[in-house]
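Two complexes, one shared chain (chain A), two partners (chain B, chain C).
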Partner chain A sequence: MSTLHIICSRQAYLRAQGLMDASDAVLFHGDGCYQALEVLPSLPCYWVGSDAKARALASRCPQKVTAVEWPKVVSMTLVFDNTVTW
Partner chain B sequence: MVESKIGVIFTALPFANQQGREALDAVLAASAYEAPLSLFFLDDSVWQLVKAQDPLQAGAKDYLSTFKALALYDVEDIFVSQDALAARHLSSEDLSIEVRVLSSQGIRDQLAAQDCIYRF
Partner chain C sequence: MAIFTLLITDNPQAGLHFAKAVLAEGHQLASVFFYGEAVRVADSQVPMVGDEPHIGQAWRDFALAANLDLAVCVAAAERRGILDSEQAQAHDLAVSMQAPFRQAGLGELVTASAQSDRTVQW
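Let's turn to the complex of A and B:
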């Protein structure tokens, strides 16, 4: 079973980290985008491009993080078996 | 005119809550009394000073551009933690205004020189 972990803060990431599985993916949004600049799990990682742009982080995007916009976020929530917003 | 030195410590991220805007409001209010003001940016608050942010994209009001007007209010003592910048892979060139980057000891010395400190 695959889970999309939606991370909105550094604290949320710390809570979710221990419960991530190899088939999962991580989506950073809002202030969670700052966490994407730090150590990340070896899972597919995404962030909301407009949230990163608002914070002037777009140009600092780590190679393993894919920028997506909200329509894509919605489609991702449909693709994964579960979605957990931390 | 107030002679007591006032220090204002910023600690919050730009858009997480109202703390940054409230801190700036406090600074502008204190400047009306011509109090000697020092601003300290510690921890995550250094993100408030990063160039090219677009608060409208985050659905937030743009208080960040007001930082550029601080010089007009004679607020020139703006100190940024060197450790906070380094931990976030930032440098003073990434910031939208001129600041003095200080070590932890430098920050402590400057804080010790204040008569009154507000933390946001």
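Let's turn to the complex of A and C:
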């Protein structure tokens, strides 16, 4: 079963770590975008581009992170079997 | 088309972005349920402050435009003094929750979730 982990803060990321499987992915939004600049899991990673832009992070988007907007977030929640908001 | 239930607990702003995208993409919202600290969004006594965004008003505008009502956990709201007319009368306090927000119980969240393709928390 694949899970989309939704991360809005460093604390949320720390809670989610260790509970991610190989088939999962991670979505950073809000202040969680700061976490995407640090250590990333070896999973597909996404951030909400407008949230990153609002924090002046857009130009620092790590190569491993794909920027998405809300319509794509909606479709991602349908692609994965489950979502967990940390 | 998919049916979504949204549980809003911590990030009403992100939840609003997601809710708008759900409808814009042609999906359906079975329920939007506010719980925990997020019930403060329903407090009609919070004034607009300068040019700051007012998340409660943004949710109100969205719900009215989309013809939705917004379910608010009755216990979480009452604990924070956010009262509809019936509760306000019972406690002899001012009304602080108005449509499109309305009180609801957790059973309603469970039912909506069971009838939805996805329940997403924000």
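In the analysis below, the second predicted complex is superposed on the first by the 86 of 86 C-alpha atoms of A that agree within 3 Å, B and C clash if a C-alpha of one lies under 4 Å from a C-alpha of the other, contacts with A are read in each partner's own complex, and residues count from 1 in each chain.
Operating definition for what follows: a residue touches a chain if its C-beta (ideal position, glycine included) is under 8 Å from a C-beta of that chain, and two chains touch if they have at least 3 such contacts.
This one's a predicted model, so the numbers in the text were calculated from it and none came from an experiment.
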Partner chain in contact with A:T77 - chain B first, chain C second, else both or neither: second
Chain B versus chain C as contact partner of A:T85, first or second or both or neither: second
Touching partner for A:D24 - first (chain B), second (chain C), both, neither: neither
Partner chain in contact with A:R55 - chain B first, chain C second, else both or neither: first
On chain A, the residue positions that both chain B and chain C contact, one per complex: 30
Residue ranges of chain B in contact with chain A within the complex: 13-16, 44, 47, 50-58, 60, 88-89
For the chain A and chain B complex, residues of the former touching the latter: 9, 30-31, 34, 37, 50-51, 53-56, 60
Chain C partner contacts - residues on chain A that touch it in the complex: 6, 8, 29-30, 48, 69-71, 73-75, 77-78, 83, 85
Chain C residues within the chain A interface of the complex: 2, 4, 10-11, 13-14, 17-18, 20-22, 24-25, 27, 117-118, 120-122
